[in-house]
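The block underneath contains the structure these notes are about, expressed in C-alpha cells.
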C-alpha cells in the first residue's frame, strides 16, 4: 500500500505548515493499517509431547486468569486455595477481576484482530456456552490440550455435560472446572406451597402479580430462563431439536413468546422493564420485592443466606420437568504466552483436593466435575464427608431429570426475538 | 488642625487588621446579603448542599453495614466486614495502582496543556483555530470508540498496555488542562515576564522564578482535573490495559457486579473519594500562597 | 530575508514546538479512534472472514432513531439541570462565606466520584427498596419507579449530580480571580443582587459555563455504565446499544456496534460544533 513519506523534504518556509501534512499522513497511515484484515495465519500455540514437557515449560510462568469478580467466595478460593497450589508447581497465578466474561473474550479478539498471536494478555478464562462457541468460531482457543492433563483421567470421557458445551463439541479446547444446575429459588416464608413445574411457576406468577420477574436477555440467567420456558411450552426438552434451524425456531418459538407476552402484565413493574442482570434480580429477591427468582449459580446461595444478604427462608425449588444443567470450563486463548503454565493451573484445579475444597459450601460450594463412581474409596469419602448446605440440595437431587442445554446458536436467536417481541412490547 | 486620638489598644487593632479586606478578596460586606435575601440564600445553600451530599448517604451507611436487610431503616449490624472484604479483593494494591496511574497522567498532561495553552493564547500558532478544535476533540470521543477501534491500533503498533493506557488517558485529559490553562493565560499579564527580562534575568530564571509561580494555582487546578481523568476511568484502563493495571474502578466494577457486596463496594468507593479531596485541599492551600493575591 | 522578518518566524517555530507535544497524543487517539471505528463500521476490519466495504450496518440496526432520541433527551435534560445547579453552586462558592465553603467541599467530593460509583450509589439511594424508601418507611409498591422507570429519573439524576459538580468546579476555577472586583464595583454603583447576577456574574461565567456544559453533554452521550445500571430495558440509549452489540455472542455484530458508535460520534460532534460557534460569539472569551 502506498504511504506518503512523512519525512520527505518540506519546501514550505515555516515549520508550522508541517503540522497538517504530518497529521494527514498519520491519519492515512492509521487507515491503511487498520484497513488490512487481520493476518490469516491463526496461531496454533506450542506443541507438547507429554506432561513433563509441559511442566518444564510452565516453570516460572505467570498466568493471568480472567474471571468474573462479583463473587467474593470464588475470588477467595482462587486467591487463597488455587493460587498457592499453583505456586507450589512453579506457576504464579494472578486473578484479573472482570465485570463480564465478554471483556476477556473481546480482549483476545482485539489482539487477534491486531495480529498479536503470541503474547496475549489473557492466559486462562473461566468460560462456557456462547462465549466458548464465539471464541471457537473465531479460532481463538488453544485446542487438543486437555488429554495431556494427568487429572483428566478422573473425569468421565462420556459425560455429555463435559464433552459438549451448549451443543458445541469441546474438542479438547477447554478443561472442565465445575458443574452448575439452573435453579429456581423461592422464599418459603411467603410461598408456603411452591409450584412443582415450570408452567406451575408461571401460573403462580399470574396468581401473584408483581412478585416474579426474570433478567432481560441477553443476560446469561435471563436467557437460560427463556430456554427453560421453551422446553416447558414445547412439552419437554425432547421436543426441541438441539441443533438450531430456522424451521425449528419458527415452529417452536411462537408458543414461548405468546406465553411470555401473556405473563408480562403479571410481572414485577407489569413487565415494563426487567432487571438488567441476574444480580439485580437477586437484589429484588433479597429486598423482598419478589418472592421467586432463578440462578444458574446455586453454589453462591448458601453464603448469601449465611451473611444475611438473602432471608434465611430462601430455598431452592426442584421442579418435576427438571432444569438446565451445564458445566463451566477453563479456556486457554491460542495467543497466550503462558500456555504451559495455564495448563498446569487447569490440571491442578481438577485435582481431588482442589475439587473437594471448592465443593465445600463454606469455601465456594461448586459442584465437582469428577466422576465420583470412578474415584478411589478414599477420595470418594472426601466428597461424601462434605457438609450439606441448608439451602441448596445436593447435586444428585438438583440434577434429577436434568435438561441438556440447546446448541449455542439458539441463544442469540431467542435473545434477539425476546428483545423485539417482549421487551419492546 | 488638631488630631485627637482616642485610646487605641492592641487587641482592637489586631481585630481590625483581621477584618480588613483587600480588593479581590471573597465575600466582602458590600456584596453580602441581608434580611429576606439572606434567608433565601441560606435556604438555597442548604438545598444545594443536600443535593451534593445525598448520594453519599448510601455509601456512608452501607460501608459500616455488616447486615442490612429490607425494610430496616438503618443497618442492623455494623462492623468492618466491608473493609475486610475490600482488602481481601485486592483493594489496597488497586488503590496504589490508581494513585500511580493518575499521578503519571497528571504529570504529563498538565505541562503539555500549559505549553499548548501558552502558545495558543498568544495567537502565534498557525492553524490556531484548527488546533484548538483538535485539542478539544477528545471530549467528544465516546470511551467505547476507544474500546472498539483504538485498541486494535495500539496492539498492532506493539504499544505496551500500560503505555497505551497512559497515552489514551493523557489525550483525554489534555482538553481539560488546555482549557483550564487558556483561561488562566487569558488573565495573565506578560508584563511580569518582560520586566524580569528587562532587569536582566535569563529566560530560564524568568520561567522558574516569575512565570511558574504566577501560574502555579492554575497549574494545580489543571493537574487536579487531569488526575481525575486517570482516577475515575474504567473502560480505557480495562480494555487498553488488558489486565496489567487493576485499578480501583476495576475492582469496584467487578465487585458491584455481584450480589451482597454493597458494603465492600461502599468502602472502596469512599476510599476513592479521599485522595482527590486531599489534593484539592493542597490546591486550596497553594492558592493562598498565590503571589497574585494579596491575602 | 532580513532579520526583521525572521523574528516572527522563529517565534512561530517556538509556538509550534510548544503545541506539538499536546497535539501528537491527541491526534493519535482521536484520529486513530475515529478512523478505526469508521473502518470497522464499514465492514473493513471483520473479526472473521474477508473485509468488504458495506454500509449495511447503518441500515440494519433496529431502533436506531428511538435510541438516538432517547440519548439526546437524557443528555439535554441532565445537562440543563447540571448547568443551572452548577452555576448557582459556583456563585455560592465564590461568595466565600461558610455556606459556600461547605458547598465547595461537598461538590468537590462529588467531582471525584467515578460515574460507576455514582450510579451504584444513586441506585442504592433511589431504588424501590433503597435507602430513602427504607428511611421513610415506604413499601416498594408505593415507591415511584425512579430506577429503571419510564422517566429515566435515576439516570438523569446521576448525570445531573456529577456534572453539576464538574461545571461548578470549572466555573469557580476560571472566575475566582476576576469576579469579586467586578461584583463589588457593580455593588458600589448600586446594582442590586439580581442585576449583579444577571449583568456581571453570568456574562463572566458564560464561556466556562458553556464549555463545561458541552463537555458534560458529550460525556453523557458517550458513557454507558449509568444508563445500563439504572435504565430501563427498552428502549436503550445509543451507548448501551453499542456495548450490547459489541458484547453480543455473534461475531457479526461488531460492525453494527461500530456503526452505532459512529452515529453517537456524529451527534456529539454536531453539538460540540454548535457550542464552539456559540463560544465565538461571546465577548468575554476574547
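For clarity, chains are labelled A, B and C in written order, and residue numbers in each chain start from 1.
Rule of thumb we're sticking to: a contact is a pair of C-beta atoms (placed from the backbone, for glycine too) under 8 Å apart; a residue touches a chain by one contact, two chains touch by 3 or more.
Since this is a predicted model, take the numbers as computed values, not measurements.
Trainee: Of all chain pairs, which one counts the most C-beta contacts?
Mentor: Going pair by pair, the biggest contact count turns up for B-C.
Trainee: Greatest Cα-centroid separation from subunit B: which chain?
Mentor: Checked the centroid distances; the maximum from subunit B is A.
Trainee: Can you give the whole-Å distance between the Cα centres of subunit B and subunit C?
Mentor: 16
Trainee: On a C-alpha centroid basis, what's the spacing between subunit A and subunit C, in Å?
Mentor: 34
Trainee: Quick one: subunit A and subunit B, Cα centre-to-centre, how many Å?
Mentor: Each chain reduced to its C-alpha mean, subunit A and subunit B end up 39 Å apart.
Trainee: So which stretches of subunit B touch two or more other chains?
Mentor: Only 70-71, 125-126, 131, 147, 149, 152-154, 253, 256 qualify.
Trainee: Which residues of subunit C are in contact with two or more other chains?
Mentor: Residues 12, 15-16, 19, 23, 27-28, 32, 35-36, 39-40, 45, 129, 246 of subunit C touch two or more partner chains.
Trainee: Going through subunit A residue by residue, note those that touch at least 2 other chains and give them in order.
Mentor: 14, 16, 19, 30, 34, 100, 106, 113, 287-288
Trainee: Which subunit A residues qualify as touching subunit C in the complex?
Mentor: Within the complex, subunit A touches subunit C at residues 13-16, 18-19, 23, 26-27, 30-31, 34-35, 37-38, 100, 102, 106, 109, 112-113, 130-131, 133-134, 137-139, 210, 216, 218, 269, 272-276, 287-289, 408, 411-412, 415, 419-420, 423-424.
Trainee: Which residues, counting only subunit C, touch subunit B once they are in their complex?
Mentor: 8, 11-12, 14-16, 18-19, 21-23, 25-30, 32-37, 39-40, 45, 85, 88-89, 92, 94-97, 99-100, 102-103, 105-118, 120-122, 124-125, 129-131, 133-135, 137, 139, 158, 161, 164-165, 169-170, 173-174, 177-178, 180-181, 183-184, 187-188, 193, 196, 208, 211, 214-215, 218-219, 221-225, 239, 242-243, 246, 254, 257-258, 261, 264-265, 268-269, 271-272, 276
Trainee: Over in the complex, which subunit B residues touch subunit C? Could you list them?
Mentor: It is residues 23-28, 30-33, 37, 41-42, 44-46, 48-49, 51-59, 61-62, 70-74, 112-113, 115-116, 118-120, 122, 124-126, 131, 133-150, 152-154, 167-168, 170-172, 174-176, 178-180, 183-184, 187, 218, 221, 225, 228, 231-234, 249, 252-253, 256, 262, 265, 269, 272-273, 276-277, 280, 292-293 of subunit B that touch subunit C.
Trainee: How about subunit A: which of its residues touch subunit B in the complex?
Mentor: 14, 16-17, 19-20, 30, 33-34, 64, 66, 68-72, 75-76, 79, 96-100, 103, 106-107, 110-111, 113-116, 121-122, 277, 279, 282-283, 286-288, 300, 304, 307-311
Trainee: Which residues of subunit C touch subunit A in the complex?
Mentor: 9, 12-13, 15-17, 19-20, 23, 27-28, 31-32, 35-36, 39-40, 44-48, 50-51, 62-63, 128-129, 140-141, 145, 148-150, 228-229, 231-235, 244, 246-251
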